[in-house]
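Have a look at the structure that comes next, please.
Labels A, B, C, D, E and F are assigned to the chains in the order they are written; within every chain, residues are numbered from 1.
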Amino acid sequence: MSAPEFPLTPTALDQTVLAALAEDLGVAGDLTSNLTIAEDAQATATIVARKPGVLSSLAIAARAFVLAGEGVTVKALNSDGGLVEAGTAVLEVSGNARTILAGERTALNFLGHLSGVASETRKLVDAVSHTSARICCTRKTTPGLRALEKYAVRCGGGFNHRFGLGDGVLIKDNHIIAADGVAAAVENAKAKAGHMVKIEVEVDHIDQIESALGAGADVIMLDNMDPPTMARAVQLIAGRAVVEASGSITLGTVAAVAESGVDVISVGWITHSAPCLDLGLDFQD
Amino acid sequence: MSAPEFPLTPTALDQTVLAALAEDLGVAGDLTSNLTIAEDAQATATIVARKPGVLSSLAIAARAFVLAGEGVTVKALNSDGGLVEAGTAVLEVSGNARTILAGERTALNFLGHLSGVASETRKLVDAVSHTSARICCTRKTTPGLRALEKYAVRCGGGFNHRFGLGDGVLIKDNHIIAADGVAAAVENAKAKAGHMVKIEVEVDHIDQIESALGAGADVIMLDNMDPPTMARAVQLIAGRAVVEASGSITLGTVAAVAESGVDVISVGWITHSAPCLDLGLDFQD
Amino acid sequence: MSAPEFPLTPTALDQTVLAALAEDLGVAGDLTSNLTIAEDAQATATIVARKPGVLSSLAIAARAFVLAGEGVTVKALNSDGGLVEAGTAVLEVSGNARTILAGERTALNFLGHLSGVASETRKLVDAVSHTSARICCTRKTTPGLRALEKYAVRCGGGFNHRFGLGDGVLIKDNHIIAADGVAAAVENAKAKAGHMVKIEVEVDHIDQIESALGAGADVIMLDNMDPPTMARAVQLIAGRAVVEASGSITLGTVAAVAESGVDVISVGWITHSAPCLDLGLDFQD
Amino acid sequence: MSAPEFPLTPTALDQTVLAALAEDLGVAGDLTSNLTIAEDAQATATIVARKPGVLSSLAIAARAFVLAGEGVTVKALNSDGGLVEAGTAVLEVSGNARTILAGERTALNFLGHLSGVASETRKLVDAVSHTSARICCTRKTTPGLRALEKYAVRCGGGFNHRFGLGDGVLIKDNHIIAADGVAAAVENAKAKAGHMVKIEVEVDHIDQIESALGAGADVIMLDNMDPPTMARAVQLIAGRAVVEASGSITLGTVAAVAESGVDVISVGWITHSAPCLDLGLDFQD
Amino acid sequence: MSAPEFPLTPTALDQTVLAALAEDLGVAGDLTSNLTIAEDAQATATIVARKPGVLSSLAIAARAFVLAGEGVTVKALNSDGGLVEAGTAVLEVSGNARTILAGERTALNFLGHLSGVASETRKLVDAVSHTSARICCTRKTTPGLRALEKYAVRCGGGFNHRFGLGDGVLIKDNHIIAADGVAAAVENAKAKAGHMVKIEVEVDHIDQIESALGAGADVIMLDNMDPPTMARAVQLIAGRAVVEASGSITLGTVAAVAESGVDVISVGWITHSAPCLDLGLDFQD
Amino acid sequence: MSAPEFPLTPTALDQTVLAALAEDLGVAGDLTSNLTIAEDAQATATIVARKPGVLSSLAIAARAFVLAGEGVTVKALNSDGGLVEAGTAVLEVSGNARTILAGERTALNFLGHLSGVASETRKLVDAVSHTSARICCTRKTTPGLRALEKYAVRCGGGFNHRFGLGDGVLIKDNHIIAADGVAAAVENAKAKAGHMVKIEVEVDHIDQIESALGAGADVIMLDNMDPPTMARAVQLIAGRAVVEASGSITLGTVAAVAESGVDVISVGWITHSAPCLDLGLDFQD
């Protein structure tokens, strides 16, 4: 799989990396390396996957080394979205040894976390590849990393739901109660939202669907339904709206969900609970 | 367990929350609530644990609601470090309904992630409670969240290793190679580091220990050793330095590691791979 | 007209105001008032419209006074979206005289500019009120003020197009050329965009419409067409997509454009070239 | 006219551009281009004036493209302060097509607004060129853009009044009331202000002039007087202070004001109400 | 002496204090207090002068305590510009003991440094009080503290020179060389500077004065002259410009300089080399 | 003496320099140079020491010129930690004359202040060079400059104490009172602090030492004792902890303190009250 479009400008990327470096380097810098390694010592090291997975955000890892100090060059040996085996080298950094060590942890923290997101996403994508269903993330992201985690989802072959509360309308139970019913909620939204905004409605029961469609919903989210119910909902909707499945979907259940005919399957844990992909930095002799 | 000291000033806490709110609210705000809920609608809601775990960072969740808009008040119903069961209400927010919904996801993203870290930590702490070993985190943290994840570790009963590269010396294999041996590396560091800085040395083989101690190491890290080897190392060190175990330690192996007599067990995955604690926001009728 | 939802959190609002105050107060503060007015002098002043118009962003003007120093209270005498005549008082500020004067220019610069945007918008809205067409803004906004100018458009009764390049797809001539035709461009976008993203296509010629619709465009923008051509386009589209008119539309031509049957009329100059609404600060005896 | 000195350091310029790019690109980036244009597509485009005017801030437009992404080069085809006709190409950008499109709107929003300010200023400057009067701006600027709008005024041949409240004393009616008279106000200011600070006094009536001069005012501002009254004031002042005219001056009245003999004519609307200069980006075949 | 006007808005003051607190508290907070003092321990403490001097910036010290944590109140016992003896209590803080200790060092670092500047200034002011000469600071300030150090100079009875390179013209030797002579340099500046900008010329030799005055200089700076030469220069200038003495002036020489008849004496070391005023925090039983 | 490790990343260094440049350049830029020197004038200048001392932070001075504008190159002629005589050239800058002058004051303000800290430190270091005692700084630093002043101390041959409240425990009188005695305070801290944190106890009386040692203190600070008392304390401690002398130590007394046998001598005034090293910028013909 080729890499999807990276969402940050070069400057925004650097700001993200610099904030993380500041956490690690503080005001005293890397005491250990400064005290044990000569100022002009040179080295070459590679980041190597310890476990199989899907890569995301090699560019961030690369910048972590460059921004950690003076005098290093970095070469990507793989690309975002790429599948790696245990032992695959993914990035080479060479130059000032102090700088390499000052950037190491920050580079690995980003790369491990975001590749973890991509790797979990990819498992779900593979599990539904015999259907036309898309795997999609949610707004359940790690604070500060939304844009990057959503990019990592794309690296894993998934798609993105809303980036925030401002780029789409998603009417849930509390909105429906406040607006006195599905139809009224959707109609209010349609009357006042801009014409580029899609309107999605979350339904708990199949009998809410018709009024949502009648009021003009663009997307129907089936919340916590079992696959047979979803299949009936898909039949009922019959192409009049995009159908999204959501709620408690696991790697074990996702294929059945996809086979119900839904268009989109959204999963929160690929961003909020994906374990790190295990990667390490090896110095070369 | 009572709550440990929260590390951030009120202002630093707010800056962290505001950055996360900005990710979610963007420049357009919460379209859905603004379009479907009356400006002055009032509500009361509680954050409820869906699964058992240990809480961390209720204060952050509380501020997420307050900073999301006008007119809400928040009451903590539990405290950081507290054990909760599925169904336990942990925080109540009441007031302007739009503000509650604008803050919901940010509050839950912080609280879920950090309580997840506390919960995983607590499992390890409980598993070694028959020994005097401490559970300790590493610098393998999520970029942007280091201070908070380290606090979450304390909420789970764990201890913190270094906060960054500047508050302690940890000499690893690459430093030893660069400095031409364990003894030289430790001596260099001791000669130049401030007198408030502790010096730890990572050893792969038991025969590196004596020269580390001879050069004045304060802490010996046993890297990826099996418990019997660790027990021999503990005997050899005999109280001359703190002993830390590190590398590939799981919930299944941690008790045996602790029983080897080490003082500290450091575990990276409690910060980088802890799954979210499942929590949700329920509106009250 | 009642005020639309204000888009900024209280903190984001303050940051915007503080940046503007910093421009005016610099590091030396308000030399004139500090040198000529007693530290504890008190006063009451009102912001008064010198010309008729529509108000926007009274809350910003209010904060400019409060954040300029100590000891003032502010009372809004009108509300955003409100029509005012020459001589209407819209905001009262009382307390420390130095603070009032330190905040004056910043308050008026925001209020005058944003009320100017609202006022121009309202003229267009009134001119098409006999039709169902909406007046809509563009991304041609003043750098730094996009969220506020889009809010001002809503205060004037208009609607918002995209807030930025990330919350909607708008395929223009250069994209069409790059993608080898309208159909291919729309299909590409549909295949890869998230399911909450609407796809709009700008067409220069009426014969591009059918392929855009066929590929699934949600919105068709008619670029620089005359009203009779637009009417034919509306007939051709026949409700299969939202129709937006764009390009060189003035207060003189907007009614004819609206009468062609288009759904949305987008106008750049209401944000980039609206003259300030003339307002002044009058001290009371 | 050759370009005046640009006021921002390269870094300050970049920060201004980046903030504007962030408004437009958000966290999702340029969806349309990313979905419809190949990652490595190349193009060349020029910014072309659609109407005649005076340029300001080509350097900002250039940086908007460079900072929007990777791989573009920019060449200025004209210079700040330069007069352009409809059809004049002013800047060429070539390289990565996605980057060009990501930077387009930000570049045009800055260049159009600031060239609009320069163009309006130039009209006034030309109207008074048969006199020695200078055209000067005020602090009635767009929040966030003060330094740039003041530069644009210089590009149009105008001069700058104070940059903020801290670089000069301007005593107005409210200060005079608070200080119990013109003489007391000026004396207070002279006694306490630094020796590099000039003191200007706004007078509504010709009979306030003598006491302002007697107390040592450096500049007299004639507020909202008609040209014959101004001429009498100029005679009365007789070179003892700089004379500035202010208030309700238009392109139609400015020549008569200048002919009254005043030294400086300050005009608020050249910064707060100047319409954009119409410019567009044309791709080359 | 009563306090001069404080130059910062409340928000700018807080930002300055927060940056300093962040240096001291880092991401780990005040380890010592958190580990040895109960979370709810209460205390009252006073800041007491250990040596005599002049106070500056009590408001900053007060905010350092308030922003360091929760639950303290602060009462100023003296005011900026006030003379204190050894033993004088200047500020009382009471409430949460951890917060008091977390803010202590930041409060004292600001208050000691800025009171040191005020105290040195006051010695010079007292030394020339039998003349009409003013003591004035320069741009030789500590990076990051310019506005505050200039305020401290005013607290000591001194006056401020330019705040930066943008609020006044000061033509020195290198400008004169570049412009081909004093007259040309001053004329250039006068022709292009705004009408609110004063023009000062630094002269090394008495024979440069006449051409500076002829070209319209507002202020003449006598650089490194001895008092008799200064007296001759004052006679020559004869009120046609303000006269400023500069260069190598000490507490021992300042009276003689003042007696030469100059208007202003500028001294760099009152900002860049003033020793701290010694102050300490005493807890009350 | 060779230069110690510089603590800031290149980006952090630039941010520090840019903030200082912003103070000096404001929004109007360097009026004088822009008005008197041609845009393309070239020059070469050197920073020259006017007095003997020890250099610190040449890299900051160099960046001040580079970041002040376009078109200059800088060459260090000496290095941090280097001893200079009056007349020694330490840095050469050549290129655009306006840029050189725009950066001059910022470069000199940093270099003078930090070299002043290094120079005072070096005097103390030399005074104790016949002993094994180290000279060490405190947290009494200038707000905003802690990392740089601590680096300057290292340039002068000194060592650093804690960088902030989070990288070490230092138990003082108030903590001891709050914790009910020395032993309890140290035991509390040891029980809860991380294993990389050293614990220091400040003692006023020699009879507090034994209980501090008994509870496990790593460092004993002797507060305001005379050298004979210190010598007895050193004997008593007998290598069981590091011994630090603190309080009212001057250049005149430091040798006697060192001869008492203490390991570390901490001195606040080397950071908070060091006078600037006098340096100037000389243009070359």
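Basically, a contact is a pair of C-beta atoms (placed from the backbone, for glycine too) under 8 Å apart; a residue touches a chain by one contact, two chains touch by 3 or more.
What you see is a predicted model; the values in this text were computed from it and never measured.
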Common touching chains of chain F and chain D = A, B, C, E
Set of chains whose contacts include both chain D and chain B = A, C, E, F
Indicate whether more than half of the residue numbers at the chain C-chain E interface occur in both copies; give same if so and different if not.
-> different
Chain C-chain F separation of Cα centroids, rounded to whole Å | 52
State, to the nearest whole Å, the distance from the C-alpha centre of chain B to the C-alpha centre of chain C.
-> 44
If you average the CA atoms of chain A and of chain B, how far apart do the two points sit, in angstrom?
-> 22
Please set out, as single numbers or ranges, the residues of chain A touching at least two other chains.
-> 23, 25-29, 102, 146-147, 160, 163-164, 166-168, 170, 197
Linking chains that touch, what shape results: line, ring, star, complete or other?
-> complete
Provide the residue numbers of chain A that touch chain F in the complex, in ascending order.
-> 14, 18, 21-22, 25-29, 34, 39, 67-70, 98, 102
Chain C touches which residues of chain A in the complex?
-> 134, 136, 159-163, 166-168, 170, 194-198, 200, 219, 242, 244, 263-264
Okay, in this complex, where on chain C does chain F touch?
-> 23, 26-27
Tell me, which parts of chain D touch chain C in their complex?
-> 16, 19-20, 23-33, 35-38, 41, 43, 97, 101-102, 105-106, 108-110, 112-113, 116, 139-147, 163-172, 174-175, 177-179, 185, 188-189, 192-193, 197, 269, 272-273, 275-276, 283
List of chain F residues in touch with chain A within their complex | 5-12, 146-147, 150, 160, 163-164, 167
